[in-house]
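Next come two complexes, and both contain chain A; in the first it sits with chain B, in the second with chain C.
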Partner chain A sequence: MSQPLIEFDRLSVQFATEQGVARAVQDVSFAIQAGESVAVVGESGCGKSVTALSLMGLLPPAPACRLGGEVRLDAANLLALPPAAWRPLRGRDIAMVFQEPMSALNPVLSVGEQLMEPLLTHRQLSPAAAWQQAIALLQQVGIARPEAIAASYPHQLSGGMLQRVMLAIAISCQPRLLIADEPTTALDVTIQAQILDLLRRLQQASGMALLLITHDLGIVAEMADRVVVMYAGRVVETGSVRDIFRHPQHPYTQGLLASRPVPGRRLARLAAIPGQVPSPLALPDHCAFAERCPHARPACLHRQPVLQATSPTQQAACLLLSTEEAA
Partner chain B sequence: MSDDTLLAVNGLVKHFPLHGGVLGRQTGAVRAVDDVSFVVRRGRSLGLVGESGSGKTTVGRTVLGLHQKDAGEVRFAGHDLHALDKAALRRLRPQLQLVFQDPLGSLNPRLRVGDAIGEALLAHGLCPREALRERVLAVMASCGLGEEHYSRYPHEFSGGQRQRVGIARALALQPALIVADEPVSALDVSIQAQIINLFADLKQQGVSFLFISHDLAVVEHLCEDVAVMYLGQIVEQGSREQVFGQPRHPYTRALLSAIPVADPDARRERVVLQGEPPSPANPPAGCRFHTRCPQATAQCASVVPVVHRVAAGHQVRCHLMA
Partner chain C sequence: MRTYVLRRLLGAIPLLFGASLLIFLVFALTPGDFIDGNINLTPQRAAELKALYGLDRPLWARYLGWLSQLLHGDLGFSLQHQIPVSTLLGQYLWSSFLLALVSLLLYWTLSLAVGVLAAVRPYSWFDRVVTLLVFAAMSFPVFFLCLLLIKWFAVDLGWLPVGGMISIGSNATGWDYALDVARHMVLPVLTLVMLQAGGLTRYVRASMLDALAMDCVRTARAKGLPERVVILRHALRNALLPLIALLGFELPGLFAGAIVTEKIFNWPGVGHIHIDTLAARDYPVLMSFTLLLAVLTIVGNLLADVLSALADPRIRLR
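Showing the complex of A and B:
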């Protein structure tokens, strides 16, 4: 395999809080190839958004936040960069869209001005050329009256429209990776369908890689080539989208897939996972899922499982899968 | 009206006035609910689905009397709810309970949850004080809460547990109908499944639900009957099998096809709707859906469609059914 575009190598992120140290991300390793779509799935607090923010250099500085491991772009460790060195990367190499476009956009600048900003700084276009380009970008994301929209302010636009504007800004400098953190969670389902459609089209046209953060397994199945399942700050399973949906290996992945009602396939009861996610302030040293796991054995309460291959394309971190434990 | 009718809503209208100008005169109205009719039968549940702004929450709140209706009728167990005097309404109130989306916002932060659950029982004189604790603990147990939770405050609970408290509080009064407005939307997937199973248990015990949600998969799982709302009107209603199995309204079809399916090999024949829902303050003339409808004709832009009965219990508000 060629040099990956992005590599997370044993990334760990800890936050110092008044209640103690929150271990938000622990020992997370995975790679994103150029042009690939990788989905990171998990429930609130599993560390998926923090993982994405580390890639944008948007985590708070030490001592509030301590980082370990490496995050590499083209084999260069981003975590070692001084703050000033991040600026040319953000927007140009890696761009990001957030869940709440309303709070991500500046309320006192027009949409057009915000679209021109990266074009002026990263691509050094003249203001007139940047304006032309901004209009073209709005057309590209399916906005019907681009001139009128460019002149309007965020509060005048609907959520779906704002997310299109966010996407236009994100793709304006042709990034090699787009991070989309719950990009459609705040939108209605018919608008969500439009945005996912658009995201797919943009990706096909530009060949950029996509890091999609979501809790929605339906979106994962539609959008991803590969899936990373996170639980309590760790990667518990990773594989191709078919591996994960057809042969989930980790009991958490299995539980997650069985938790949602499937349209047209009605069961009397859902296979709910009992209990709740442990607090990042009080993570156990053993498998964090053991207390909720239907298959847990005594060993699960003593040891921390590590990711191991279950097939050439799939890895899971579960003691039940290791041969020595089974013996 | 047949005997098994628990809640009958007929021609319900609720408009919210819009004021403008220096004199604050009424300049228009948000037509949140316009001519909505449906029935919830005893022992069955109705799912009211729609996107934001469709008016589904307003229907729920108007049914409960939290909003004054502008027209129409709400009959619960044979009584016209909006015609009852205060005392009579109060006597009926325990029968009709509400579960909110955000339980933290609906619980008093200074009240121990055991007391919060028991409060209404005392207020309605349904339980003597001596027996209260035992009664509350029994309700809590049926919602998956233990004795150790009785004396805790709402902020000490996780989202899923809080929703259990909200459900226990409604359930304590042994209601015949629970109006649940997006009760699982704020919860994580694994916790959602726990709460959905709890609702399924309560249904087994004979509680009916008016289940308001944008999550079609959850509604299909829990509700025998389904009504689909668009811009203040019900565009299609029928049994679960009719609405999900043989959807007839173009909006229902588009809505169902828009749900992402958790199967990488699923065949997707998606109807992607163009544009966004218009404002309910200024709904389109004719059929309210015609501006986004892939099958709209000239008639749809000018003539308001009537409700067509396409099968027993299956109603569609669309010219194409004529």
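Showing the complex of A and C:
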């Protein structure tokens, strides 16, 4: 396999809080190839967003937040870079779209000004050229009357429009990776489909890689090539979309898939995974899913499983898999 | 915008009538007046004087009389100084304004710079030192601070004059005059800055911390903008919005005079005559002066609203 674009190598993120150390992300390793779409799925608080923010260098500085492992872009460890060397990569090589378009844009600056900023910073365009480019970008993300929209302020636009603007900002410098952190969660269902469609078209047009963070498995099936399932700060399963949806190996992934509503099948209740995600302040030394796992065995309460290949394209971290193999 | 300003100005008229009534009643219903304060007068002479100044008339007649005077642009006549109130205030108002304006410019600049720096690195040693100094400055009693500064800089070191606005017997004109006044201003300005900068710095710091936590600041960082741009263009612009209202309230303060500071430094300002006229119960002066401050408060608020609308596109004036 060729040199991956992005590589997470045993990434750990710890936050110092008043209640103690919160282990938000532990030993996360996965790679993103150029042009590939990778979806990170998991419940709220499982470390999805923190993983993405670590790639952008947007986590709080040292005493409040400690990072371990490596995050590599083109084989260069980003975490070892001084802030001044990391900054020019943001927005130019790696861009990010956030969950809440309403608050992600600055209320006191016009849409056009905010769209011009990365162009002026990274591509050193003249203000006039940047303005022209901003209009073209707005057109590219499907905004009619781009001149009028560029002159307006965020509060005058709808959530869907603002997310289009955010996408325009993100693709303005032709990044090689776009991180989309729950890009449609805050939007209406009809708008969601439009934004996802736009995201896919933009990706196809530019050939950029996509790191999609979501808890919506429908979006994953539609958008991703590969899936990374996270639970309690760890990767529990990773594989191609087909692998994950057809034969999920980890009980957590199986639970996630079982809790999806399936059209046509009428159930009195949707299946749910019992129990709650453990607090990142008090993670157990054994498998974090053991207490909620329907197949848990005594060994699950003593050991921490590691990722192991279950097929050439799929890996899962579950003790049940290894004991089955051993038997 | 023009109709908005016009409407607000028209809306201020009933407000001013209300303020004038309130001010009149506060002073008119306070027991005793300028004449009662003079124990050397015979009861007969006192009654004569009260009749002369119209103090024996019923309340409503006195209020209407004062109001019609005001509407004719006449602020009244000072009983103590025996000159028109407008002349009296004119003599003292501008020296107070000079002192207040210079301090205002200094402590706003200082508070903005220090507050922003402290917010950018919260809980750093700089922030902790600032917090300590701020509370120290805020907890000093004014009179003590004034006297301490006089002892150090005017008496012990002899660098600066003890008080007043110009050197005694000085006939300086032009630049020499300006320099002389500036030398006399240093200590009172220093006092006022120390007293005011503390609270404002805390306010700027809090506002800036809120702004730095906004999602749009994270977006600005995600765009790879230099940290200076993120802080000054994205965070500070949002942090300034709540401060504009505060700036509006400073307008009456520019003319109100600093009573204790002016008294101790013997600065010929309006705070100085404020306390003197209060002691003498020279109510015409106090009433007009208070009403002037009410007018300035209303105008200051209006200015703040207009400025807010200019700075924040979300506010539309209708």
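Here, the second predicted complex is superposed on the first by the 320 of 327 C-alpha atoms of A that agree within 3 Å, B and C clash if a C-alpha of one lies under 4 Å from a C-alpha of the other, contacts with A are read in each partner's own complex, and residues count from 1 in each chain.
We take it that a residue touches a chain if its C-beta (ideal position, glycine included) is under 8 Å from a C-beta of that chain, and two chains touch if they have at least 3 such contacts.
Quantities reported herein were computed from a predicted structural model and do not represent experimental measurements.
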Superposed partners chain B and chain C on chain A - clash or fit: fit
Partner chain in contact with A:Ile169 - chain B first, chain C second, else both or neither: second
Partner chain(s) touched by A:Pro107 [first = chain B, second = chain C, both, neither]: second
Touching partner for A:Ala95 - first (chain B), second (chain C), both, neither: second
First, second, both or neither for A:Glu117, with chain B first and chain C second: second
Three-chain overlay, vertex chain A: chain B-chain C angle, C-alpha, nearest 10 degrees: 80
Contacts of A:Leu58 with chain B and chain C, given as first, second, both or neither: second
Contacts of A:Ala148 with chain B and chain C, given as first, second, both or neither: neither
Winner by number of chain A residues touched, once chain B and chain C are compared: B
Which of chain B and chain C A:Ala80 touches, first, second, both or neither: neither
Per-pair minimum CA distance [chain C against chain B, superposed on A] in Å: 6
Residues of chain A contacting chain B in one complex and chain C in the other: none
Chain B-touching residues of chain A, taken from the complex the two chains share: 43-44, 158, 160-161, 188-194, 196-197, 215-222, 241-242, 245, 255-264, 266, 268-274, 276-277
List of chain C residues in touch with chain A within their complex: 214-216, 218-227, 229, 233-234, 237-238, 241, 311-314
Of all residues in chain A, those that touch chain C in their complex: 56, 58, 83, 87-92, 95-96, 98, 100, 103-110, 117-118, 121-122, 153, 155, 166, 169
Chain A partner contacts - residues on chain B that touch it in the complex: 51-52, 158, 160-161, 188-194, 196-197, 200, 214, 216-218, 220-221, 244, 254-266, 268, 270, 272-273, 276-277
